[in-house]
Amino acid sequence: MSYEVKSLNEECGIFGIWGHSDAARVTYFGLHSLQHRGQEGAGIVSNQDGRLNGYRGLGLLSEVFKDDRSLASLSGHAAIGHVRYATAGNGSVDNIQPFLFKFYDGACGLAHNGNLTNAKSLRKELEQNGAIFHSNSDTEILMHLIRGSKQPTFIDQLKESLQTVKGGFAYLLMTETAMIAALDPNAFRPLSIGQMKNGAYVVTSETCALEVIGATFVRDVGPGELIIIDDSGYKIEQYTQETQYSICSMEYIYFARPDSNIAGVNVHTARKNMGKRLAQEAPVEADMVVGVPNSSLSAASGYAEASGIPYEMGLVKNQYIARTFIQPTQELREQGVRMKLSAVRGVVEGKRVIMVDDSIVRGTTSRRIVQLLKDAGAKEVHVRIASPPLRFPCFYGIDIQTRKELIAANHSVSEIEQLIKADSLSFLSEQGLIDSIGLNYDEPYSGLCMAYFNGDYPTPLYDYEMNYQASLKEKISFARLN
Amino acid sequence: MSYEVKSLNEECGIFGIWGHSDAARVTYFGLHSLQHRGQEGAGIVSNQDGRLNGYRGLGLLSEVFKDDRSLASLSGHAAIGHVRYATAGNGSVDNIQPFLFKFYDGACGLAHNGNLTNAKSLRKELEQNGAIFHSNSDTEILMHLIRGSKQPTFIDQLKESLQTVKGGFAYLLMTETAMIAALDPNAFRPLSIGQMKNGAYVVTSETCALEVIGATFVRDVGPGELIIIDDSGYKIEQYTQETQYSICSMEYIYFARPDSNIAGVNVHTARKNMGKRLAQEAPVEADMVVGVPNSSLSAASGYAEASGIPYEMGLVKNQYIARTFIQPTQELREQGVRMKLSAVRGVVEGKRVIMVDDSIVRGTTSRRIVQLLKDAGAKEVHVRIASPPLRFPCFYGIDIQTRKELIAANHSVSEIEQLIKADSLSFLSEQGLIDSIGLNYDEPYSGLCMAYFNGDYPTPLYDYEMNYQASLKEKISFARLN
Amino acid sequence: MSYEVKSLNEECGIFGIWGHSDAARVTYFGLHSLQHRGQEGAGIVSNQDGRLNGYRGLGLLSEVFKDDRSLASLSGHAAIGHVRYATAGNGSVDNIQPFLFKFYDGACGLAHNGNLTNAKSLRKELEQNGAIFHSNSDTEILMHLIRGSKQPTFIDQLKESLQTVKGGFAYLLMTETAMIAALDPNAFRPLSIGQMKNGAYVVTSETCALEVIGATFVRDVGPGELIIIDDSGYKIEQYTQETQYSICSMEYIYFARPDSNIAGVNVHTARKNMGKRLAQEAPVEADMVVGVPNSSLSAASGYAEASGIPYEMGLVKNQYIARTFIQPTQELREQGVRMKLSAVRGVVEGKRVIMVDDSIVRGTTSRRIVQLLKDAGAKEVHVRIASPPLRFPCFYGIDIQTRKELIAANHSVSEIEQLIKADSLSFLSEQGLIDSIGLNYDEPYSGLCMAYFNGDYPTPLYDYEMNYQASLKEKISFARLN
Amino acid sequence: MSYEVKSLNEECGIFGIWGHSDAARVTYFGLHSLQHRGQEGAGIVSNQDGRLNGYRGLGLLSEVFKDDRSLASLSGHAAIGHVRYATAGNGSVDNIQPFLFKFYDGACGLAHNGNLTNAKSLRKELEQNGAIFHSNSDTEILMHLIRGSKQPTFIDQLKESLQTVKGGFAYLLMTETAMIAALDPNAFRPLSIGQMKNGAYVVTSETCALEVIGATFVRDVGPGELIIIDDSGYKIEQYTQETQYSICSMEYIYFARPDSNIAGVNVHTARKNMGKRLAQEAPVEADMVVGVPNSSLSAASGYAEASGIPYEMGLVKNQYIARTFIQPTQELREQGVRMKLSAVRGVVEGKRVIMVDDSIVRGTTSRRIVQLLKDAGAKEVHVRIASPPLRFPCFYGIDIQTRKELIAANHSVSEIEQLIKADSLSFLSEQGLIDSIGLNYDEPYSGLCMAYFNGDYPTPLYDYEMNYQASLKEKISFARLN
C-alpha cells in the first residue's frame, strides 16, 4: 500500500450500488476503502429515477469531495464510482472516471479497472470510421463499440463489445435502468458482489469495501461474467465461454488491502504464508526480522513466526508523507536528509537484520533501505523478498509495461545482491508463491497469472506483441541511486 | 500516533537549527518527523544575519508550506519551528507558533511545547500592569516576563522568567545572535541536541528528527537546563538547582514515535517490553494476538513473542483517513458504515482474539473495536492494555485536564470490562510499566511522571489546584457509543 | 458590459495568433480584453511545432491562469483561446473551450462563438451513426462532421462541414500546420484580423484586443469566409456564395466594448449617436441626464450633448461587485440593502432626471433603478432607452431564446412605463438605430440583424422553428420585483 | 477609485453598527461599499450580548468572507468592520483589523483609519515599559495607552489616550457594552453617523455606505468628538477643545466615492465643479474632452460642459483588471502589449484631445496615457489636471510620505509638460480647488487640508519632522517609463 515508495501502481478501483436512498454517500465510503488503488482522481455518477448526474476531479477522494455539498448534486438510489491511479504527467481531468455519456436517446455512466491489449488498434479503427475520443484512457472504447453495434438490445450490444475488447478489465456501467458489471475472460482483476443490510446490492474491486459499509459478501464475479443489477435483484450472464482463471498474483503480493479476500483467500493470510514459506526456503541466522512498512508487515511477521527470530520495528514510515511538495535539495540529500522511511538506530544498532520486502522492482528502493539500516548501525542486512523476481512486464492493468524498469529482467539474483549491497538476498520460489496463496482451480498455476515472473502470458498480447518482443532484447543498466 | 482514533493529544513539537545555509528547509524536514505531535498548525522563524522572518499557518506542515516559494522568504543560517496539536474550536492563526516579536531594540522568535500551571495568575497579573496578549496560548507569558525584567542581560532576564513560570515546558527562542532552548525543572517534555554533518547544532522534541536529517545525537537536555547555541558552539547553563526527573511516561506509551529514544531508551523497545510484561502479568489462552493500529503494534508483537501466540493483522486502519470531511449519516452508521478501522473477517472469524491496545481514555473506542471484532466473527475478545489505568488528569502538556473524560477514574477494571463488552480485560501494573521502560534515575518512579495513574504530581498545581480538587469529586457516566 | 445587472449574455469570445514566440501569453492578453464576452470559463490551446497542448478551467481568465506556471505548459509559436459566457447551472469544465482533439493521425483545437440553429437535429443524426458527444455545446458537432466527411483534404472537409451547420458562428481552429477561422454566411458575429509588429497574424472577436496587444487592424472577416493562416501568411477563401450581411445590432447596442470597431464603425460613437438621436426623437424637459453604468454612459452623454441638459453621475456602480457570494437576506432587502448600484442623493435630490439605459429585457432592473432614484429624492424620472423594444428571441448566439423573458414582447410601451413606474418612457426607433450605426451595405436594414426588434430573421430557424411559433402565443406576466 | 493605475492609496475604511439582529451581515455590505478604500485585507468583530468574536483575512472582502458560513460565527446585535489598503510587501494577516483584544477583565475590538505622527516615539516609550506589539500598525498603540491609563472609567482612559496620540485618525471600538467612535482634532478623515430603518445607528467612513444599507444620514462626526453608541442611543462628547477643521482635500479629489457627501458636499459635484473651474482657468481649443477612467469622469464632464467641447470616451479601462497575476514580459511591453487602459482609435484618431485627470503623482502614468492617445492617432493631447500640483508628502493617512515620489516636488509645470510629452499642461489653482469644494468653515482654506499642495501642515509633525526637513532637500529625477 505504500505507493510513495514503490514504482508499482495498480490501475484503479471501482465501486457501485443499486437500491439505497443514500447511494452516492455509500459509494464515497466504498471508494474510500479502495483509495490505495488510485490517488490521481476520483468520481461518482448517480442515478435518480433514470436521471444520471456526475462529479469528478483530480486528487484524493477527500480532495474531490470536499464537503457534503459536493455530494448533494448526486442524489439517487444508485451510483457507481471510480478511483484512478497516480502517474506523473497526463493528469488531466478529462481522464478521470466514471465517464458520463448523454445521448439523445439515453445516458450511461462508465468506469473501468484494467488495461486493454488491443486498445490502440481498436481506437485507430474507430477513428477511421469517424469516432472522436476525448481522453487517453481505454475506457471510452467500450462505449464507441456499444454505440456502433447493430445488436437489438443494450445488453446484446454490450456483450458483442465485450467480445471485441481484449486484455484485463473490470467494467462498471450505470444505465438509466440498471447497473451492469463485467469481468474479462481471465478474471485478471478482482471483482466481488455484496449486499447491504437493506438489501441493496454492491459491486466492488475488493471485499474490504464490504466490511467498511456493513455489507455481507455474496459472491465473486467470475471470468467472462456479466452482472445485471436492477430493481428486481441481480442476474448473471456469461458473455463468453472461452474463460480461464488467471488471477493477478500481484494483487495478493502487493496491491490489495490485507483485509480483502480474493477468490476466497484472505490477502494478509496469503502474505503471512509467503513469509513463512520464505523462512523455510531461505533461512538465515540473525537477531531480528524487520518488515518494510507498510505492505511487507504480514510477510515479515510470517517469516519471524516460522523462523523463531523476533520481529522488530526496525524501520518506521512517516504517516504524513503524502502530498508534501517540499523536497530535500541535492545537497541536503547528500547530508543524509530523508523523509519517508527511517531506520531505528535504537533497535538495529549492532544487530544482524533480516529485512523482508514484498517485491523488488527497480532495486533502487531496496538499496536505499539496506543503506539506511547500515547507517543506523545494523551489522548485517539479509534481504528476503516474499515473491519471485519480477522479470516481465504486465499488460493487464499494472503500470509496468517495459522490462527496462525491472532489475531482475537483466540481473541474476547474486548480481542484485551486490547491487543493493545486501549481505544476502533470496526470493520466494514460484511454487512457493502458488502454494502460499493456495488457490485450487484446475488451471495453469492453480488459477494465478504468473506472467511477471515467467513470461507465460495467458492470452495473446495483440498491440503489445511487437513491443514485448523488442523488450526481450533490451538491456538495463542499474543506475546509481538518486 | 493514530490521532484520529484517540482523544489524547500531545501539545506540540519543536525543532531548531543554528549554522546551516538552508536552515529553514532542514527545519521543515525536522518538523515533518514531528508532525504526529501536532496537526493544527505549523510555523518557522528564520534568522538571516540578525534579521528575523516568520511564516505560519493552520493545518499540516505540508498545507502551510505548499511549495518552495513559501520557504523562500525564510532564508538564513538559523531557524526554529513548531507544530501545534489539533483541537476542535479555537483554530485561529493567532495561536500558531513560533511567535515573532519585533521591538524597537531587537527581535525574538519563540516556540513552546508544554503547559504552565500558573499561566492564568501570571497573565492576570501582567494584564493588570498593562500587558496586552494576542493569543490564548501560555507562550506569550514568557516574553512579557522577559520584557518586564530588570535584569541587565537577555540571558539573565530569561533565567529570571524561567524561574517564574511553573509546569511542564520546553522553550525554543531565536534572538538576533543566538538560539536558546530551556527545559522545565522536571524534564516532563523530551528535548534533545544533535549535530549535522556540517557541524550545525539542532534541538528537537524527539530524536527521530535526527535520523531524518542525517544528524547524530549529542545529548538530551536535562531538567532546569538552558542551552545557548551560537556561532561559537553550544553552552549549557542551569537556571535552577531545584530539579527532579519526572519524564512523562505517556511519551513512551503513546505519544513519541517508536524510532525515538527518550533518556536513552528506545520507544519501540519500551513498548515491546510493556507487551512482554503484560503477557506475563495477564496471560490468556487464545488463537491470536491483534494490535490496534498503529500505536499498539510494538506492544502487541511483544505480547505475541512472550506468549508464543501468533501475531495476526486482525485490524486494518485506512491510511487515507485524515482530512476527510464527508461523514456517515446516523442512518448509515446504524447500517454499519465505518471508515477508519476495519476488522479482518478472513483472519478473526471463529477465533479467540487477544486485542492489545496502548491505553484506554474514554473507553468508547475500545468498545467499538471489540464490537468490530465480534461483528467480524471473533469468538472471544480479550483486551490487554499495555499501560496502567488512566485515572488522573495531566497539567504538564497533555490535553486531559478533567477526570470526566477518563473511564478508569470512575470505574473499576471489571466494570470497564463489562462496559466495553470484552471477554476479559487487564491493564499493565504500574511497576510493570516502570520496569519495562527501565530508567534508573535515583528519583521517585525511577524518574518517570506517573501522575495520570496514581495522582502523585511531582509539583504543586498552582492555578489548577482548585479545579483538581473539585474534579476528585466528579462522577462520570459511561455514555452510549455514538 | 455590466453583466451583473442585465440578464443578457453574449456567447463567448475567441482570439488566436500564429507566428509569435510567446503565443500563449499574447493570447492571454487578447482574451483578457474579451473577458466581457464570457466569464464562466476560459482556455488556450497552443501549437509548438505541430504538438498541441491545452489548458482550460472554470471562472475568469485570471482564475484559470493563476500564475506563469499555468502558461508554461503552453509554449509554442501559435495559440487559440476562448472565453465562455456565464450562465447559472451547467458549469462543467467539459463545456469549456477550446476543445483539443487528439487522433491517431493528428490533432486539432477548436473554439466557437455563436449558436447553431440545426444543432439538435445534426447531433441526433450523428449519434444515430455512432458519434459520442462529451459536452452540451454545439461546438463538437463541427468536428464530428469533419471527421465523417469523405472529402480529400482537411480544408475540403471543413468547407463541407461549414455548409452543413446553420446559424450564427465564428469558428477558430488550430491544426498542426495552420490556424483557421470561419464566419457564418450572415456575419452575425464580429471577427477581425490584425497583425502584430513582428508580423504575426491574429484573429479576434473584437478589435479592442488589437489595441491591447499593440497590433494593427488588417480587415474584418466577411460572411461565408474561411481564413487560413500559416507560416506563409494568410489566405482567404469563400466556402459559400450565399451570403448576406446581418450583423448583430446588439453588439453595437450592448455587448461589444466601446473601443471596438465593427464593420468599421466605432461602438462608442454608434452609442453616442443613438443617444443623440434619442434626444431628438424623445425630448423631455429635465434638470439632468443620468446614464446607467457602465454600458449606457456613451448613449447618455450623447443625449446630454444633443439636448443641452447637463450630464450628471446620478448612479454609481460598485466596481468590486463581481464574485461576491454573500447576499442580503430577504429581510435586509426589505430594509433597503442593495450592493450593486447606488443612486447619488447629493446629485439627484429634488431634481428631474432623464435616465438613459441601453435596453430593457425583463424590466425588473429598470423598475429597480427608477425606484432607487426616487428613493434618493428624484422628483421625476424619465426613462429613455437607446434601442427599440426587444420583442423577439435570438437564435444566433445571444442567450435569449424565449419571449417569456421579454417584457416588450407582451406589453405596450405605455404599459411598461406604468410597470417600471417611470414618469415617461421612450425607446429609440428602428430607423433611428439603423441611422445611428450607419452601416451602408446594400442589404436589408443596411446590413444589420434587427430580428429581436421586428421578428424578421434573416435565415430559416430549423430546430427552433417550432419553439418559436409556440412562443409567439406565449403570454408573460410581469412578476413583482424580487 | 482606480487603485491599479495610481500609486496613491487611502489608508482604510471603517464601518460599525449597533442594534441590528444581523449586524455582521449589514457590516459586510457597509464595508463592501468602502472596498475602494482598502483591498489588502478585511475583518469584522461582532458583539453578541457582550461576547466578542472576530474574523479577518487577506484580500478583498469577498475573498475573506467566501460564503455565509464565514459570517455564521459572527452573530450578535452589533459589529465593527475594517478594510485595509493595498501595499506591496508586508501583507501579513497580523496587520489586518479590527484587532480583537481579550483580557481577564473584558474584551475590546478596535479598528482604525489614519496615521499617527507620534507613533514611533509612543511605541518606543511603551516598549521600554514592557509593552509587546504584534503588528506593524499604529492601531495597537491606542489599546496600550488605554490599558496603561490610571483613569477610573474606560471612557476616561480612552479620552486620555486620544489626547496622547497625534495625527489623523478615525477610531472605531467595540466594547462589551458599547460601540465608540473618535475623530482626530482636525477631522482629517471623514466619519459619519447614520440610522437604519429599524433604528440601529451606524458609523461609516463614507456616506455612500448609508445609501447601500438603506440608512439615513444623521450627522458627520466633528473634530475632537467621541461618539458613544449603546442600547440607549448615541451620545457625543468632546475629548479636546483644541480643534480645527482640516478635512483632507484628496478625499474630494480622488479617494472618496462620487456618491459620498463629506461635510455636506457631494463628491461628484465637487469634482464636476473642479472640471468647470479648470475649463475657465485653462481653456484650450480642441475637438473633444476625454477623462481618465474611472476617477476623472466627473471632472472631465465638468470641463466639457463648461467649455462646450464634446465629452468622448477616448480611453477605456478593462473592468476585469484586478487580481491578474499574468503580466506582459518586457519584450511584449516593447511590442505594445498593455492590459489596463486602452485608447480608442476610432474616437481619437486625427483629433485634438483634452485629457482630464484628477491628479499627477509620479507622472509616469500621465506620460503613458499621453503616449497611448498619440499611438491611437490623437493629433494633440492637452493635459488638464483637476487639482493643484502635489508637492509635499502627507502624514495623516495617505500613503505618500516622501517627496521623492512626487514629480511636482521637483519640476516646474513646464518641465512636467515636457516630461509627459503633452502638447500643453495645466493644473487647477489652489483657490480654484477651495472654491470648487465650497466648504465655508471659518478656518484656513475654508476648512480643508491643503498641505500636499503648499506644505502648510495644520499640526506639528512630531516623529516625521526630521524626515520632512530632510526631504525638502531631496531631488528626484524623472526615471524612464517602465
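When the chains are written out, they are named A, B, C and D in that same order, and each has its own residue count from 1.
Here is the rule we go by: a residue touches a chain if its C-beta (ideal position, glycine included) is under 8 Å from a C-beta of that chain, and two chains touch if they have at least 3 such contacts.
Remember, predicted model here, so these are calculated numbers, not experimental data.
Note: the chain lying farthest from chain B is C, by mean C-alpha position.
Chain geometry summary: the mean Cα position of chain A and that of chain D are 61 Å apart.
Taking the mean of the C-alpha atoms as each chain's centre, chain B and chain D sit 49 Å apart. Listed for chain C are no residues, as none touches two or more other chains.
Pairs of chains meeting the touch criterion are A-B, A-C, B-D, C-D.
For chain C in complex with chain A, the touching residues are 93, 101-105, 123-124, 127, 129-134, 136, 140, 143-144, 147-148. Touching chain D in their complex are the following residues of chain C: 1, 22, 25-26, 28-29, 32-33, 35-36, 60-62, 65-68, 71, 196-198, 208, 211-215, 257-259, 261, 265-269, 272, 294, 297-298, 301, 305, 310-313, 316, 318-320, 323-326, 328-329, 331-332, 335-339, 342-347, 376.
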